[in-house]
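Below you'll find the structures, each written out as C-alpha cells.
Here subunit A shows up in two complexes: once beside subunit B, once beside subunit C.
And then the complex of A and B:
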C-alpha cells in the first residue's frame, strides 16, 4: 500500500506541468550556480596562488640584507579557497584574502570581496548552497502543500481510508513519493559537482573532498526530508490548501529570511566586540610592559646583556659570540606574540558568543542547522577561517624568530653587516594546508544533532499529529 | 454612502475578522520598530567608537611626551604618533546601514606610506555580516512586499472560490470599482504602515527636515505602490488563490533574489576589479626597495615633487628620517596608477548596478535608500579620498620639521592637523532610483489596467 501511494505521488508529480516547470527552473539555477561558482572559485584560486607565488619569489630573491630588515619586509599569506567552496561560499565573501606578515605585529586579513562590491552583495549570492537551502524548500512547499487537502477536497481521502490504509501509511507514502521527486531535481546538480571536483582535483585530497561532499549530500538529504515531512504534516492538519500554503510560506519566510538575520543581530547586540583601534591600543599598552627590541635603553636589555656576559664568561658585549640585539628582538617578539594571541583569542571568543544564539536557533529552525553544517563541511565557515589565521600567524612567528636567530648568530656589531642573498632561499615559503574533515567534524556536531533531532522529532510527532487528524 | 466607501468599509471589517492578517500586519509593525531600534543603536555604537578615538591619540601623545621629554626629532614622532581619519555617519545611516558594517568607518594613520594603511579592515564578525543588518530599509525592501503578497494574493480569487463573487457582481457594481476599492484599502493599509514607520524612523534618528525626507518617503511610497501594482496584475490575471500566491512569490524571488544575484555575476564579469592584492604587493616592493637604492637617487626623485626642499643638506649618514619618509612617499606614488584603477573599478561596478536598477525595483529602492543615507560604496570611496587628503596634510605638517631640522616640541602636538568627514548623500543615485521606480510603477499599473480592460472579471 505504502509503495503504491509513493509511486502514485511520484508519477502524478512528474505529470504536473507546474512542478516540472519549477523543477526545471531550480535545476537550471543549481547547474548555473555550480558552473558560476566553479568559475569564480577557479579565478580566485588562481589569482591567490599567483600572488603567493610572486611573493615567495620576491622573498627568495632578495638582495643581501640584514635579517631584521627582512623581518620588516616580511611576506604575505594568501588564503587559498577550499576545494568545495564553489558549492557554498559561506563567509568567504566577507573575510579577507591576504594578510601581511611582518615583525612585531599581527595584521588584519584585508581585501574581502564584500568590500570591493557595493551593497549588491548584501542581496545574497547565487550559490549552490543558497539554492539548496532556500529555493528547494520553496519548491517542496509548492509540491506538498496540497498533499492531503486535495485528497480531502476531492473526497479521495475517504476512499483511500476505506481501502484499509491508515493515515500514517498514506503520509509515509506521500513523503516517499515526494522525496523521490526532489531527489530527481537535486541529484544531477550534486552529480555535476562531484564530476567537476574529481575531474580537476588531485587524488591526494580526493578522499577528504569525497568525504566532505558525501556528508554535504547527506546533510541536505536530511534537511529536505524535514521540509517534506513538515509540509505534508501541515497539509494534513489544515482544512484548505490555501491556508496550508500560506502557513508554509510564512514558516519559510520566518525560517529562511527573518530568524537568521534577527538572531545574528541580537547576538552582536548582546556581546559587543572591541574595535580594531581599541584592541591595538590594548596590545600596545601590554607590550610596553614587556621588552621593546627597538629601544636600546630598555631596562630589560641591560638585564639580558648582563646574563649573557655571565653565561659566556666575558667582560664586554664585544666579546660575546652572539648578538645581544638578536636575542632582545627574539624575546620581544615572543612577548608581543603572546599578547596578540591572547587578544585575538578573546576577540574570537566574543564572536563565538555572538554566533552562539544563531547556532542554538538551529534547534528551532532547520535552516539555521543546515547552514553552519554546509559551510563547515565545505570549509568556508568561521572555524576554517580562524584555522587559516592561526596558520598564517604560526608561519609569521617562526619566520621572524628564524630571522632573529640569524641575527643572533651574526654576533656583535650585526647592524653594520648584511647576510648574503642565498640566505633567503633556504627559508621555506608559506604553504597552507586546509584541515581535514575530521578536524571540522566536532564543531559541526551541534548543527548535525539539531538536524537529526528535527528528522526524528518531526517523523515521530508530526506523524502522530497526522494520525490524530479528524477527517 | 457611495459604493466605493461601502466597499472600503466592508474590506476593513473583513480585514479585522481575518486574525492571521491582523497578526501579520502587527508583526510587521513590531519588526519595523525593531529595525529602527537596531539601526539607531548600531549607528550610536559606531558614533561612540568614533568619539573614543581621539582619546586613544591623546593617550599615545602622552606616552610620546614621556618618552621624549625635551624637543625631539620629528621623524621619531611621525613614526610612533598615530591619529585617526573618522567617517562620521549621517543621521540617515540609522535607517539604511548599507555597507557601513563591512567597510571600516575609521582609519588609523601614521606618517608612513598611505597605501599600506588605507585598506586596513575593522574587526568584523564575518558570520554576522553574512546574515546582514536588520534595519528599516531591510524591513521596507524585503518584508513589505511579503506583507503586500499576503494581503493581496486572494484579492478576487477568494470571493470567487467562496462563490460570493457572482453575488457581488449581480449588484449594480462595476468590477473595476470593486478591484479599485480592494486595492485602495490594501494600499492605504500598506502605505500607512510603511510611511508611518518611516516617519517614526526619521524622527527617532533625528534627521534634519530637508528635501531628503520627501525623497525617502517618495521612494518608499513608490516601492510599495509597485508591489501593489504587481498584485493588481496577478489579480487581473484571474487564476486561483494558490496560483496567485505562487506567481507573487515567484515575482518576489525573481526581483529580490535572482535578479540581484545574477546581476552580481554579470557585473563582476563586465568590470573585473584589479585586485587590491597586487597593489599592496607592489607598494611593499617599492617601499622596501627604498632601503637598497642609493639615497641621492631617492632624494632626487623626491625633490622633483617637492622642489622647495631641494636646498636642504645632503644625506651622508647611514639613516635619516627625511630620507625614510621620502621613500615612503615615493612608494605611494609608484602604485598611484594601480590605486586609481582599483578605486575606479569599484566605482564603475557601482555605477553599472545603479544604471541597471530598472531590472529590479527592489534593487533600485535599496540602492537609493543607501545612497540617501550615505552608506554605500561611493560614500566609502569619498571617505578614502578624504583620508588621503588628511594624510597629505600630515605630511605637509611634518616635512618642514624634517627637512629644516626643526625640533618637535610638546607644543607642536596641538598643532597637528585633525580630520573630520561626514557621509555625503548621493542624491544623484537616489533621484535616478526614483525615476526607475516611477517607470516600474507605471509599467505594472498599465499592464494591470490593460488586463482588466481586456478580460472581464469572471464570476466563476
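And then the complex of A and C:
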C-alpha cells in the first residue's frame, strides 16, 4: 500500500511541470555550486601549496645567519583547504589562510577570503551547503504544501480512505514518494562531488573523505526527511493549501533566517569575545612581567646567569659552555608561549561557548543542527580551524626552541658568530595533516543527536497528529 | 434475511444541527436504493456514516453485519465509494489511477486485467493510457465504477453521481449500475435526480431535515407520481 501511494506521488511529481522546472533550477544550482566550488578549491589549494613551497624554500635557502636572526625571519604556515570544503565553506571565508610564525609572538591566522573579497561576500556565497540547507527545503515546501490539502479539496482523500487506506499510511506513502523526488534532485550533485573527489584523491585520504562524504549525505538525508515530514504534517493539519504554504514559508523564514541570527546575537551577548586590540594589550602587559631576552638588564636574566654559573662551577659567563642568551631566549619563549596559549585558549573557549549555544539551538531548529554537522564533516568548522591553529603554534614553538637550542650550543659570544647556510636545510618544514573523521565525530555528536531527535520526534508526533486529523 | 447495509436508529448531531434523526434502513444484495432530498437533508451525512468517516451520535451503521464505527477499516473491503465529482489524479493515466485504487484495496492487477475492468465500465480503449486530467466527468465516473468492480465491492455508495453528466453519460452510468445490481452488488445512491432514481432504483427514499420520511418501491409509482410525492414532502 505504501509503495503504491509513494509511486503515485513520485510519478505525479515528475509529471508536474512546476516541480520539474523548480527542480531543474535547484539541480542546476547544485551542480554549478559543486563545479565552481571544486574549481575554487583546486585554485586555492594550488595557491596555498605554492606559497607554502616558496616560503619553505626561502627559509631553507637563507644565508649563514645567527639562529635568533632566523627565528625573527620566521616562516609562514598556510592552511590547506579540506578536501570536501568545496561543498561547505563553513567559517573558512572568515578565518585566515596563513599564519606568520616568528619568535616571541603567536600570531593569529590572517588573510581570510572575506578580508580580501569585496562587500558582496556579506550576501553569502553560492555553495552546495547553502543550496542544500536553504533552497532545497524551499523546494520541498513547494512540493509538499498541498500534499493533503489538495487531496482534501478535490475529494481524492475520501476516495483513498474508502479504499481501505489509513491517514497514517497515506502520509507515509507521500513522505516516501516525495523523498524519492528530492533524492532525484540532490543525488546527482552528491554523485558529482564523489566523482570529483575520487578522481583526484589519494586512496588513503580518499577513504577518510569518502566516509566524510557518506556521513554528509546521510546528515542531509535526515534533514530533508525532517522537512518533508514537517511539510506533510502541516499540509494534513491545514484545511487550505494557501494557509499551509504561508505557515511553511513562515517556518522556513524562522528556521533559516531569524533563529540563527538570534542565536548568534545571544551567543555574542552572553559570551562576549575579546577584541584583537584587547587581546594584544593583555598579552603585551603579561609578557612584560616575564623574561625579556632582548634586555640584558632584566632581573630574570641575572638570575638565570647566576644559576648557570653555579651549575657549571665557573666564575664568569665567558667560561660557560653554553650561551646565556640562548637559554634566556628559550626561557622567554616558553613563558611568552604560555601567556599566548592561555589567552588564545580563553578566547577559543569563548568561541566554543558561542558555538555550543548554536549547537543547542539545533534541538529547536533542524537547520541549526545540520549546519554544524555539515561544516564539521567537511572540515570547515571552528574545531578544524583550531586544530590547524594549534598545529601551526606547535610547529612555531618547536622551530623557535630548536633555533634557541642552536644558539645555546654556540656558547659565549654567539652574537658575533653565524651558523652555516646548510643548517636551515636540516629543519623540517611545516607540514599540516588535517585530522581524520574519527577526531571530528565526538564534537558533532550533539548536532547529530538533535537531528536524530527531530527525525524520530517529528515522525512519531507528526504522524500521530495526521492520524487524528478530521476529514 | 441478511442485509449487506443496515442502519439502526442512526443519529448524527453536529454542534449546530441535528443532521440525522434516527435512520432505520436495510439493503439486501442486488438492491438499488435511491435517497432523494434537498441539499442539507442529511444524505451525505448518511453516506459518511456508512463510510466510517464520521462517528454516529447514537445508533449504529452496519456493512455486511459489521458495525462500521468499530470496524472502520475492515468494512472498507466490502464497499466502494464514488463521490459527486470523481477528480482522481490528473497526472496519472486511467490505468494508473485504477491500479493505485485497486492496490490500496489489496488487489494487484496486470495491465491487461486493468484494461478489462476499464473496458467493462465503458471507458474507450484509446483513453485508458491518457492522463485523467484530459477526461470528462463521465469518463472519470467510469474509472470510479471500474475501481468498484475491480475491488469486488458488495456495496456501492454513490453521492450525487449523475450531477453534471450529459444525458448520454447518465444513461451509460445507469446501465452500469443495473449490471452491477444484476451481479448482486447493493447500491446506495444519494441523488437529486428523480428520473434517474425511478429508472435504476429498486426502492426510493425521501429524506427531509435528517429524517427518512417515505420509502417506496419504484415499481409502485411512475416518474410523475414520484415527482409529486417528492414535491409534497419538500413543501
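Simple rule for what comes next: the second predicted complex is superposed on the first by the 471 of 471 C-alpha atoms of A that agree within 3 Å, B and C clash if a C-alpha of one lies under 4 Å from a C-alpha of the other, contacts with A are read in each partner's own complex, and residues count from 1 in each chain.
Everything below uses one rule, namely that a residue touches a chain if its C-beta (ideal position, glycine included) is under 8 Å from a C-beta of that chain, and two chains touch if they have at least 3 such contacts.
Small disclaimer: the values here were computed from a predicted structure and weren't measured.
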**Report entry** Fit-or-clash call for subunit B and subunit C when the two complexes are aligned on subunit A
**Finding:** fit
Report task. Pick one for A:258: touches subunit B only (first), subunit C only (second), both, or neither. Result -> first
Report task. State whether A:385 touches subunit B only (first), subunit C only (second), both chains, or neither. Result -> first
Query - subunit B versus subunit C as contact partner of A:156, first or second or both or neither - result: second
Requested in this report: Check whether A:142 is in contact with subunit B, with subunit C, with both or with neither, and answer first, second, both or neither.
Outcome: first
Query raised in the report: After superposition on the shared chain, which partner residues are touched by A:281: those of subunit B (first), subunit C (second), both, or neither?
Result: first
Report task. Identify the partner contact of A:36: answer first if only subunit B is touched, second if only subunit C is, both if each is, neither if none is. Result -> first
**Report entry** subunit B versus subunit C as contact partner of A:98, first or second or both or neither
**Finding:** first
Query raised in the report: Touch check for A:442: first (subunit B), second (subunit C), both, or neither?
Result: neither
Query raised in the report: Looking at subunit A, which partner touches more of its residues: subunit C or subunit B?
Result: B
Requested in this report: Considering only C-alpha atoms, give the closest distance between subunit B and subunit C in the superposition, rounded to the nearest Å.
Outcome: 18
Requested in this report: Enumerate the contact residues on subunit A facing subunit C in the complex.
Outcome: 1, 4-5, 7-8, 11-12, 15-16, 154-156, 158-166, 471
Query raised in the report: Any idea which subunit C residues touch subunit A in the complex?
Result: 51, 53-54, 73, 76-77, 79-81, 83-89, 91-92, 96, 99-101, 103-106, 131, 144, 147, 151, 157
Requested in this report: In the complex, go through subunit B and note every residue touching subunit A.
Outcome: 20, 24, 31, 34, 38, 41, 45, 49, 52-53, 56, 59-60, 63, 84, 98-99, 102-104, 106, 108, 116, 119-134, 138, 142-143, 146, 150, 154, 161, 241-242, 245-246, 249, 253, 256-258, 260-265, 267-268, 273, 275-278, 280-281, 284-285, 288, 291-292, 346, 349-350, 353, 362-363, 366-367, 370, 375-377
Requested in this report: Using the touch rule from the top, collect the residues of subunit A that touch subunit B in their complex.
Outcome: 18, 29, 36, 40, 47-48, 51, 54-55, 58, 63, 65, 69, 72-74, 76, 78, 90-91, 93-98, 100, 107-112, 114-126, 130, 134-135, 138, 142, 145-146, 241-242, 245-246, 249-250, 253, 257-258, 260-265, 267-269, 272-281, 284, 288, 347, 351, 354-355, 358, 381-382, 385
